[in-house]
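Below, each structure is written out as structure tokens.
Shared chain: subunit A. Partners: subunit B in the first complex, subunit C in the second.
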Partner chain A sequence: MAETLAKKSGPRSLFFRYGPEIAGLASLVVAALVFELLVRIGVINRFVIPPPSDVIMAFERVVVEEDILGRTGATVFEMIVAALAAVLVGVPIGAALHHSPLWRRALEDWVGAMAAAPIVLAFPLFLVLFGRSPKTIIVMAFFHGLAPIILKTIEGLSGTRKVLINVGRSLNMTSSQLFWKILFPSALPVIFTGIRLSWTFVLITVVGVEYLINLGGLGQLINELAERYDLPGTYAVIFFVILVSVFFFVLLERVELWLRPAR
Partner chain B sequence: MAATGEMTAQARRAVAPAISAAPITARHVLLVRVSVALMVLAVWEGLSRSGLFYGEVIPSLTRIATSLGKLLVDPVFFKNLQVTALETFTSLAIGGVLGVLTGIVLGANRFLMRAFEPYVYYLSPTPRIILFPVMIMWFGVGPASKVALGALSAYFAIALSTAAGMRQIDAVLIRVGRSFRATTWQMATKIYLPAMRVPILNGIRLGMGTAIITVLLAETKLSNQGLGYMIMQVYTRFDMPGLYALLIVVFAMAGACNALIGKLAREQV
Partner chain C sequence: MEDICLQPAMVVDDVVKRFGRDEQVITAVDHVSFNVAQGEFVSVIGPSGCGKSTLFNIIGGLLGDYEGSVMIGDERISAPHPAVGMVFQEESTFPWRNVIDNVAFPLELQGVAKSERMDRAHHFIDMVGLASFEKSFPSQLSGGMRQRVSIARTLISQPKILLMDEPFAALDEQTRLLLGDKITQIQQALNQTTLLITHNLTEAVQLSDRIVVMTYRPGKVKRIVDIKLPRPRTSDVVGSDAFGHYVAEIWNDLREEASRGMADSESAAARRGAHG
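Up next, the complex of A and B:
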């Protein structure tokens, strides 16, 4: 029995279980090696695509010389302020719209249009209104992240099961009690889906606007390195931002799964 | 027991939105919308006249309307609109074709789905504009770099939506096609593509939204033509009514494109 288990958990079994994932990862490694080879033999110009080994080596330089951790801190700070503000404003607005069916029917489409609007394009306007400062980035990210939270709060509160409301009703709960003890806890998983979408928008806006107006954290660093034509550094920071983004999304997804009620 | 059976007036009010609501007519909705719009316009005009803001930061509604009118008859605007539209639709076509092909491959093959879909999925919400320096190095400072970035933006949404659509095709439809001995081409044109019409159109809708934004942002960063370039020009001149007018037009066009494809996706086959 022990032998069978050992065999099952061996590398062969691991390959059969995670074969596709290993193949996917391996193909990325092979692609990087092919690029390395093509750049080294001169098929690809190293001033267009730097060799992957140079990009890996550049990570140390951007950490030591470019203070990437400090820049990450600046970006994360802007994100946290905008993201929390979006939650603190969006959830009450969503709850208020849910409470008034007339206002909900009148304004929900407008909020939906706001969610799809290219707000980030208005950055010159925000620059005039708030100056070239982190305030501009935070305000823009806040507006971009607001609509998903409002929409999902309405959806979550509207989706509360009638039986739960009937229980609250039978216990003579007040309006406030009914909201905090029944409606809000029941809507929380859906609200968190809105928060996940909102914070994704916030991340995209913060890094994007930092890059566009050359101010702040990681976005500005990419712009500076590109302007210096430091290709390995530019690629390294872009990969770093992608890794940070992926980590952020995975984290939000895990929290969302954890909040989702068991079926 | 009476307490549990009866609903108090207080609780009735508390759960009103969840249980029942007074009949709301389209007229009520219109009234609220018009009131809100008028209120926003009044507040805007009030702020504009208040002198609280520096210079032209909040121009009066009449000045914005005048700028909007001038913009809509300005040949320079249409020339730039043409450039942006061409870049956006080229990027959507390239991203769309690649996205649909990727989606079909990932949706049809479980091994490839497990191997590569997580990368497509997790890369899709990353800020694409940061790849603009790379696109400039690869494709130069002209329209090609904007098209490439737009195509990349559209690609992820379309690929993911197509892959999901491919997996949702009713197995009965496929069996019916096979039982009629349909050829591969017939299966593709009569079964797969009609069944995936809605997810593909939804993917194109999302992809087009991101492509428009990305192309315009890239134009604001480095370009000498297109609406993004025009936005930066009016910003540099501090022509605030012009900036508002341009943003209104761009927002309206983006919304109209989004609504149009959304309508196509909702229409029954």
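Up next, the complex of A and C:
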């Protein structure tokens, strides 16, 4: 028995359990080593891509000298406000358009066009409307994140299987019960796909506009470090942007697991 | 003739349903009449395209616009009625709810207290033989188990009439026979009035007290056959001579209808091919 247990908790079983994570981390380390080598032997110019060892060394500097935590906080705050607003406004608009075939036909293509539009480039207009403030960043990110949620909410609600609606009808459910107890939970997986897309757009817009208008969190810091030609520092901050992105996706996964335990 | 002395739980009287307009009208159900007595198990059998599913939707109240009447007591069915519990052909469990929450769903809608609805859900889950799967989600169950969840969810409202539309159509023959046993046990334990819509001959004979045989389009009642196999009944009955006799007898009625249906589909396919 003890032997069996020892076998089960051995390195082989650990590898099978954490295999994907270990493989993912290993490929990152290998990629860093390859870049390190290519930069050191001069195949890649270190003024285009700095050696990964310099980027690692730059972490301490950006944390101590550049107030990275405060700036990450600013970016996270702008992102949370824009992302939540996009969900709170996008889902009801999607549900309303699903409910009204006329308005859906009238507006769905426009919303699709809005999803594809490079809203970041409209920053001068938003600057005029909201001034050089976090408000501009939040409003622009909100608009960019809105369309995927609207479109995926419509798609999710329309994709509810007819037999589930018939179960609801056979139980004499009111239209409100039908929506909250059948249509909405059935549409949730697709709505979450929309939220994932939306939050990607929101993060890109927040960091992009911070960079463009040189204001706020990590985007502004990337701008400043790039202008100082501090490439290791720039890449170190980009790593923090990735961390923010990972944080939001882990958060979303937790919420989804809580709402849909049967995934 | 037997149901004259039994109180009918449901009376289907001269029901007609047409689809389409002007010259494109198709009569799906044509002057169909039959009764279902209290505690009786009646099956409606017919080839594809005989209007079985239309009849299911009319009796379930999902198709309110029809001629004739489906009466439960003094009430004409024109919308879903609490006395009729429906089990659908397609898989209809809610994937986001576990078994017990699926089964308790109708009671949740009625505002029954949680402890009471859980107690009643335990009872019906046990009845359909899924006691150890209460916390499982539908994605973790087989097709037959999911259909049993749907049946338990329908039974928990204690409907006067259990209306089922080919609930085992997607299952293999062995599972179908075993679930037939389960349905027979439940029906006898609850004295549940049941109307089964099916195209499966053995299933109909295995389960029913009477079988309403339908014609191919337009769907009319061709014959009503009394099944005088002994009760309590199990799937062992399929090996008996009497069972074989009933299957052969009903197949004689159905063969001509099924052939018409097949010829019709083939000529429709040929027309589509010619136009394509």
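Rule of thumb we're sticking to: the second predicted complex is superposed on the first by the 188 of 263 C-alpha atoms of A that agree within 3 Å, B and C clash if a C-alpha of one lies under 4 Å from a C-alpha of the other, contacts with A are read in each partner's own complex, and residues count from 1 in each chain.
Quick note on the criterion: a contact is a pair of C-beta atoms (placed from the backbone, for glycine too) under 8 Å apart; a residue touches a chain by one contact, two chains touch by 3 or more.
These figures come from a predicted structure and were not determined experimentally.
J.: Touch check for A:Leu171: first (subunit B), second (subunit C), both, or neither?
T.: In the superposition, A:Leu171 contacts both subunit B and subunit C.
J.: Which chain, subunit B or subunit C, is in touch with more residues of subunit A?
T.: After superposition, B is the partner touching more of subunit A.
J.: In the overlaid three-chain picture, which partner chain does A:Pro185 touch, first (subunit B) or second (subunit C), both, or neither?
T.: A:Pro185 sits against subunit C, while subunit B stays out of touch.
J.: Just checking: does A:Arg260 make contact with subunit B only, subunit C only, both, or neither of them? Give me first, second, both or neither.
T.: second
J.: If we overlay the two complexes on their shared chain A, which of subunit B and subunit C does A:Arg105 touch? Say first, second, both or neither.
T.: A:Arg105 contacts subunit B only, not subunit C.
J.: Just which bits of subunit A does subunit B share with subunit C as contact spots?
T.: Common to the two interfaces on subunit A: residues 169-173.
J.: Give every residue of subunit A touching subunit B within the complex, in rising order.
T.: Against subunit B, the touching part of subunit A is residues 19-21, 23-24, 27-28, 47-49, 98-107, 110, 113, 116-118, 120-125, 127-129, 157-158, 160, 162, 165, 168-175, 178-179, 183, 200, 203-204, 207-208, 211-212, 219, 222-223, 226, 231, 234-235, 238, 241-242, 245-246, 249-250.
J.: Given the complex with subunit A, which residues does subunit B contribute to the contact?
T.: 3-5, 7-8, 10-11, 13-19, 21, 24, 28-29, 32-33, 36, 57, 110-116, 118-119, 122-123, 125-127, 129-134, 136-138, 209, 212-213, 216-217, 220-221, 228, 231-232, 235, 238, 240, 243-244, 247, 250-251, 254-255, 258
J.: Would you mind writing out the residues of subunit A in touch with subunit C in their complex?
T.: Residues in contact with subunit C: 161, 163-164, 166-167, 169-173, 177, 181-182, 185-186, 188, 260-262.
J.: Which residues of subunit C touch subunit A once you look at their complex with the stated criterion?
T.: Going by the criterion above, the answer is residues 60-62, 79-80, 82, 84-86, 88, 90-92, 94-98, 105-106, 109, 137-139, 157.
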